[in-house]
């Protein structure tokens, strides 16, 4: 079986900094791949390159057998490549349900040409309410459905971010530090949600996470990044034992048991 | 022909530099696009007219005085208006436009639509390298170059200049080090508007003055600053020469409208390809 | 409630000149309609978080297109009007693909220069644009042999165009499409990640704004019978901006409210013409300084500009 997502020699620099330098990796259908690496390793930049938010200097991304167009995050999302963001973000002062409704309907509206094919859009719109309800329950947001997303606790906002990505009906979900800024209990909820997304829906996941124990538990495979290049790759146990990984990421002194990443507290603010 | 081109280029570039410098300074330090910059140039021209032709001062006294008055007006504008829109790009653009329209309107009401005739203090011409140069243009260019050099020294050598650049680069860090943006912002406006006023006062005797003269001045400043990168002083200096060359060349070969269109074309291309300008930070 | 109020006000406005049957009143009402169209086109660009200072230039394109097509090519007015809407809209769509990627102050600067460049093109190319003198003897509006030269008839035409423009814009900024535009304005990265093509939507809005401005230009040309380049310079765009701020940037009715308040003043007091710019400028300054709360829309735009 060919990979769902394959990334080839992807590179991008900012000024003099090579944020991502010749990265290649692949993710299979229904697989969970953990992406780890120290701050500034280029993890978020890699996500931005895959989704098309940023244009690469070189390299390409193939998703579901199609070459993705750089600079077209909307089109790529409509192909089934969803993402959640490192920092919880909301659209505006809208309810949780309203956020999910938009997430469920927007992929059908993508471009102004939708104004010309109303019947297809009508079908999506009719399904949207049921989709939203189902996802509210699935993500455990049903009790706060009518509350303002801006007023939610940070943990629930991060869950809403994942739930919105889910509501677009993706084949694959890129989650950028889903547990950053969450407390221990919230982290467990997030972990369970991510696992259920794969187990019950067969959606492939790529998860950036500084919480090493969490990402080791969750992932089928780990890719370790440092200075924009892949320094280690393999089963969690293999990577954990990899010298390059230990040196680059942990600097030899880090604590594997830390509940959240180095940036955790900053994001919680 | 070529010599004439070089001379026109030198004189034009000097004035363009002066026009652009205040504009780019204010943007660099405060992130304010001062759409009223042209009106401060216009105020400088009217101030020198009032001081010279109404009050009866000598031109060489009226010139610095006019620039100072405009600098003062700039401080007032910062304190009364722009300060409230710090960090709000759209809002500060709109108030700047409002200020521009108001100043133009006020001058029209006071002095009329036509603009008064201004007497020329410097007359005659000198011959340099076979080309006859009007003395007034030479004087304006020389003062412009001096003012640009002085501003450069001020920005790079003085405490105030360093403080302003610190605020420009990282307002929060600067505040921690005890540099208050509330002192540096008026200073930036004072210098920026002083330079605009000086440009107006210098060029007033060269061209006629009228309420809408600021539009052309603003366009020139714009073009130079966009080419050089918003907020970049060295960029503005180089861009002034590039633009001066385009302007002088196209004016000699075709006509001033074609010259303006060409420089607009260059600016549009640069803005699209590199919004930060040729030399600006990306 | 507010909508009912605005509806009632609009209806009263529409009926007023018919009741009063005063030629001067018609004149002012027609000017209000034309200015409101230009202000509406600017309103659209503000809705996508972009301050376009080239709107009067789009109006100019419509005016020149309509004038040249009827006068020199003898096209009927409705066809010329259609062209006056479509040409600036198409130009905006093509330009938009490139310039809408530029954001914030740089977009304002870019459109400022573009607008000035368009005016210079009208000045420079005497054939066909007539240079600084502009175009004279533009035929009056006429639909299917029915002349609309009389002020009441032209007023009716203006009302129809204004109503149609508001209907199109309302369709765009409300409902489903409105949610998309609001989403893009509030959080572009997130909205794009949900499958929305930001550029395509912005381009559509920008094209419609060009078309609305073009409609204003066509009406302007056929109402006055002559046009010249300076009418389409930055001052006209700024006046449209002032109308938006006065009327409320967040409100769809803002441009109309602003035009109703600001256009009659200089027309009513001829001597006040001298004071018009000062008055406009000071009202905008005062509003920005002392009534920022009233400018709900700016708050949205502001957050975005940061």
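Going in written order, the chains are labelled A, B and C, and every chain counts its residues from 1.
In this text, a residue touches a chain if its C-beta (ideal position, glycine included) is under 8 Å from a C-beta of that chain, and two chains touch if they have at least 3 such contacts.
Computed from a predicted model, the values in this text were never measured in an experiment.
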Most distant chain from chain C by Cα centroid: A
Identity of the most central chain, Cα criterion: C
Chain pair with the greatest number of C-beta contact pairs: B-C
Centre-of-Cα separation between chain B and chain A, whole angstrom: 49
Chain A and chain C, separation of their C-alpha mean positions in angstrom: 42
Whole-Å gap separating chain B and chain C, where each centre is the average of the chain's CA atoms: 31
Contact set on chain A toward chain C in their complex: 51, 53, 72-75, 77-78, 82-83, 85, 89-92, 102-103, 105-112, 115, 164-165, 168
Contact set on chain C toward chain B in their complex: 51, 98-99, 101-106, 108-110, 112-114, 116-117, 120-121, 123-124, 234-235, 238, 241-242, 245, 274-282, 284-285, 288-289, 292, 298, 301-302, 305-306
Chain B residues within the chain C interface of the complex: 31, 33, 81, 84-85, 87-91, 93-95, 97-106, 108-109, 113, 215, 219, 222-223, 226, 230, 257-258, 260-261, 264-265, 267-268, 271-272, 275
List of chain C residues in touch with chain A within their complex: 176-177, 179-180, 182-183, 186-187, 189-198, 200-201, 204
